[in-house]
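There are structures below to look over.
Across the two complexes that follow, chain A remains constant while its partner is chain B and subsequently chain C.
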Partner chain A sequence: MDRTPQSFDSLTSLRLHLTLIASLSPVALFACLSGGWYVAFVIVSTMSIAWLADAVFRFWGPRREPEDSSALLWGLTLALVMPPLVPFWIPWAGILFSILAKGLLGGSGASWLNPALTAWAFCQAGWPAAMRPAVSLSGASDSQITSMLATRSSLDQGATDWLNGNIFSWLNLQVPAGYVDLVTGVGLQSHSWNAEAGTFFLLAATVFLLVRGTIPWQIPLFFFLGFAVPVGIFGGLPAGQGLFSGDVLFQIFSGTFLLGIFFLATDTSSRPLSSRGLTLYALGAGVLAFVLRTWGVHVEGVGYAILFMNFLVPWMDLVLRKKVLNDLR
Partner chain B sequence: MNRSKTFPFGGIRVDSFRSLTENRGVQSLSLPSLAVVPLVQYHGARATWVVAVGESIREEQLLAKGLGPGDLDVHSPTPGILQEFREVPVPGGGVSSAALIRLDGSFNRTGRDVPVRDWSGWSPAELLEHIRSCGVYLESSTLDKAVRLPEASVGLDDLVINGLQPEPYLTLALALLDERSAALAEGIEILRKIYSPLHTLLVTDRDDTSPWQAVSAISLPGVELVSLEYKFPQAQAGLLAKTLSTGPRCLIIDVNGVLSVRDAVVEGRPQIERTVVLSGQGARHPGTYRVRIGTPLFQFLKDAGGIKPNSEKIVVGGPFQGRLADNLASPIVKSTQAVLVLAKSEVNTGVSRACIRCGSCVKSCPVGLEPLNLYKLLRQDNVVQARNDGLDFCIGCGICSFVCPSRLPLVETFQRVQEETSRG
Partner chain C sequence: MRIADLIFAFLLSNNVLFSHFLGLSELLGPVSFQKIARRSLILGVLMVFSGGLFWGLSWAVLQPFHLSFLTTITAVASLAAGYWLYIWLRRSTGREASLPDPQEFLFHTLLFGGVLLAVGVSRDPLEFLAVALASVLGYSLGLILLHAVFLRMARERIPITFQGLPFQLFTLGLVWLVLSGLDLRFAGNAG
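For the complex of A and B:
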């Protein structure tokens, strides 16, 4: 006689992926608004190709599996880590390679590498010139951020003055000009990556995801700590400034850092299982992202940092599993 | 004494659905005109009939005798004529021979004043004998097998009265603590007299205030009240023993069982009825009902107010340990704690998808297993490695399957393989 629970939790894999897609859609919309029809085309076409390639594997592959929308999510995240003017066939090639690799390894959940990041690394390695963003992130300074802005918006002026006058004055701190524009994506001359456009919406979505427990809180928290602490201490060194002069705010709000810590690093199939594993994984990825961004050749270290930590996940799962079981028999 | 408030890892905080049935009292339902009394009334029951077809049966007459020393006797829930023996499906799964008794004749007890017996002069062995002769079914919680009372000479470190809600919807203990607190106190006294435990604990859910008042209103000297945070599956005997850090000689009995013990000793009443919770969004009148054993499910559901048209399925037992009632002719038995009528929104079935390694099963397993990896191993028929990884420790609570977003048959597979390996 088959023993089975008679009722189940309402969360399903399909619903999980759709929730994540829905959370990212305002970011995508904002990227389209600031990048124009071409960005919209890249996002939609990459998602469609991802879904189609995945469908081929699901129907004719070794294991028939029902749709869980994960391919759509990978297509969307990949499109969001592309520079706005990337030739459209680059993300197509990337996602095709990644879906192929995932399918050959056994489908959803069987690949221990994040499919979106696998595709991104494929693009980076294959067409480094096309993937290079307009603005360099390493050793950023105030002059760089202002140079990213065509004109400083009135929103930035008003908000910065208000923040400095009412909140940061208490802390003896000052928000430099341009940061509000950076966070909201308003007035940026060119984004390095599509996801940068909707930073505010990205943050809003993550609050929702964290409160509902859709993504584990350990990853964003420890990723942030692993990254921000060394950035704050050593981040000023490449620019010739001393210790404790790193620009944490700029480093966090620029590039794919936020998308990385909330969406890429939290991918279920490529993150560790245990809570200790999640902590170690996120800390390691944070430190690695700092190292790669500060001294690496590539301007964007977050993606590689996560991908390199993905390599270690099987090891973490093996080492950090519970050694003593709770004998309740 | 230092008590932890809940168990160290795993478990889930899931809706208790207490509001559906609380504060509704306990109502008695009418007798079945045709009682269906199965031989097998709980998992592992072994008994043999001592009556024959055509015989005229008295209320409470012995129908079947337990085979072994721990096997329970079966008594007749109603007076009547034994019409026939028939194979019936039992809610625990499988089929069992059942006596069909057509209501007829007069009652020994129902409607009469039965004298209360003074048990204070009885020895522990005599008390145990009275309990055994009444065929009282005892369990620690719905997650555990039947409890066999140890010999009186054993002595106990801890006697634990389990007043926790074992699973969502199952508010039986709550209702009984409210309704029969004085009888409960007497039942506890009887068990204390038999075993003279070093400690006696009455455990309830923390957010549950009413039984506290009810229980502390009566005097229970020497009984320690412990309340735990509501979390599934903390009522499971092994987990409860760990949470309470009980001694090695520990007896855990749920509130319903203690009351049955009391009724057996004080009133000499064999177990021919039981208290059943009817709950779920599909039940018209969810609540707690006293009903004769052998009442077919369809009659129970009808008498208790019927079901709503949006009902998805009927379950005997809790949502985790219960079984689908695929035949409503099967009866209420001694181990039936609840009947759930679940609406579609409560069931959430879905197609089985690929494992996405989300880790929910690992996080919530109270044993510390990695269900996803065990499942992968068993799909490859690697039972040896799965057992090395702790398959035998699985208590079958069902959390892994409940939380799995890909609806993989995790606990189902583990239980099946466990059964196969234990068989040979």
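For the complex of A and C:
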């Protein structure tokens, strides 16, 4: 289709989705290397089912919509927020539900909720036992964290010693043992979620996306502040450690937090339009994610926090919109 | 810590609207933000008044005289007292047009019956205040959430065969799917 005269931005929805898929590819690759053939099968099959279902819905559905590869992105994202040993048909069922919800509630580009997270919540509600990972990194106490990070790789030992000896000693700080493994995903043998295996690549991808302006900077920044500040102040309370004893580093690099703030919360169709709306949306999601991760019954609260804020987006767009001349609404 | 537990529990997961009356959301209807704010303020005052009355009666009369079997009746009577106070204020101030309709208001106060019973359990007045205010705050959040859902429902292109009740039920299902994730570990003990 030719570009219309008023079209001034080269970033089409197809190009945006392909960019995001390319950014997540190293993470998926590392998850496959870490989890083996089964994880690779889950990722590829979920993406294929998503693409097929979307194609069928676009062909037979009430609206004829152009192919924009969004279904492939949702399939990939959903597979990354799954535990490595999840039965393969669960993400399939989740993505089919999500495609149906998208088709019935507005169609492409008008999703009420993040489609990958809708599928994830559907799976959580339907098969909670299968969705619970073998090793729960989220909401863990200090002693649990220590035991999880006890088996360090040689990379962690070497890198931690080098960082503490050459860089952090100048700042009078020390990197705790096991955290290099947590960031790189090398040493942890059993990940809670597939995305955790490629945290380093996830960070690298987000730098690329932020520099290119593909995702708005307000969401990662204020989501991080809304989450990290309460974690630092109140994070130690559930374990009886008092104020200002929360483990911010661990909470940020574990679970689906990084994937959430950079890829899930920034979904173009389910985020607010205005800058103030983006700030409120991200801050609310961050604080809610902290509450749910610390005291929630589910293993991971980041997804629910984003979904809850997704519901409030129309209200934010209405209340926080910028007043313009002759605004008669 | 107990106060914080109560606030979070009643704000998020023990909120009557969220957990028990979600299916009635259609009755609430779409409202503007100003109406939500006004309604929440009035409900807040009513909750503190009715809750305080019930709490006082519960610990000053029912418990000392072994009349616990009258707890539910006292809770309803306290709510009725708050409701009639609202009606009287509405008439006496002469601002009937700008304040919520009495029938609509009665429906909203009935939703708080469960909260009121939970208020009477604790002897600590600070806990009663925390529960009352967090419930109203959570209720306001629920109204804002439903307002946002109604905005979505009004502006999206819904297939003709799916419009009406199927669409509303599907939407409520999605709302439940999200709210089911807001359960907190201590919510069962807080009430």
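To be clear about the criterion, the second predicted complex is superposed on the first by the 304 of 329 C-alpha atoms of A that agree within 3 Å, B and C clash if a C-alpha of one lies under 4 Å from a C-alpha of the other, contacts with A are read in each partner's own complex, and residues count from 1 in each chain.
The working rule: a contact is a pair of C-beta atoms (placed from the backbone, for glycine too) under 8 Å apart; a residue touches a chain by one contact, two chains touch by 3 or more.
Quick caveat, the model's predicted, so the values are computed rather than measured.
Novice: By the touch definition at the top of the document, which applies to A:Asp68: first (chain B), second (chain C), both, or neither?
Specialist: Only chain B is touched by A:Asp68; chain C is not.
Novice: Per the contact definition in the header, classify A:Ala129: touching chain B only (first), chain C only (second), both, or neither.
Specialist: After superposing on A, A:Ala129 lies clear of both chain B and chain C.
Novice: Please work out whether A:Val211 is in contact with chain B alone, chain C alone, both, or neither, and reply first, second, both or neither.
Specialist: A:Val211 sits against neither chain B nor chain C.
Novice: Touching A:Leu312, do we find chain B (first), chain C (second), both, or neither?
Specialist: The answer is second: A:Leu312 touches chain C but not chain B.
Novice: Answer with first, second, both or neither: which of chain B and chain C does A:Ser108 touch in the superposed model?
Specialist: first
Novice: Is A:Ala121 contacted by the first partner chain B, the second partner chain C, both or neither?
Specialist: In the superposition, A:Ala121 contacts chain C only.
Novice: With both complexes superposed on chain A, which partner does A:Thr12 reach: first (chain B), second (chain C), both or neither?
Specialist: Once the two structures are laid over each other on A, A:Thr12 reaches chain B alone.
Novice: Considering only touches as defined above, state whether A:Gly301 meets chain B (first), chain C (second), both or neither.
Specialist: second
Novice: Same chain A residues contacting chain B and chain C, which ones?
Specialist: In chain A, positions 63, 107, 110 sit in both the chain B and chain C interfaces.
Novice: Enumerate the contact residues on chain A facing chain C in the complex.
Specialist: Residues of chain A touching chain C: 61-63, 101, 104-107, 110, 112-113, 118, 121-122, 124-125, 237, 291-292, 295-298, 301, 303-304, 307-308, 310-316, 318-319.
Novice: Going by the contact rule set out above, which residues of chain C touch chain A in the complex?
Specialist: 1, 8, 12, 33, 144-145, 147-149, 151-152, 155-160, 162, 167, 170-171, 174-175, 177-186
Novice: Taking the touch rule as given, give the residues of chain A at its contact with chain B in the complex, in rising order.
Specialist: 1-16, 63, 65-66, 68, 70, 107-110, 268-275, 321-322, 324-329
Novice: Which residues of chain B touch chain A in the complex?
Specialist: Listed in rising order, the residues are 7-10, 14, 93-94, 236-239, 242, 313, 315, 318-324, 340, 342, 346-359, 362-363, 366-370, 372, 390, 392-393, 395-396, 398, 401-407, 409, 411-412, 415-416.
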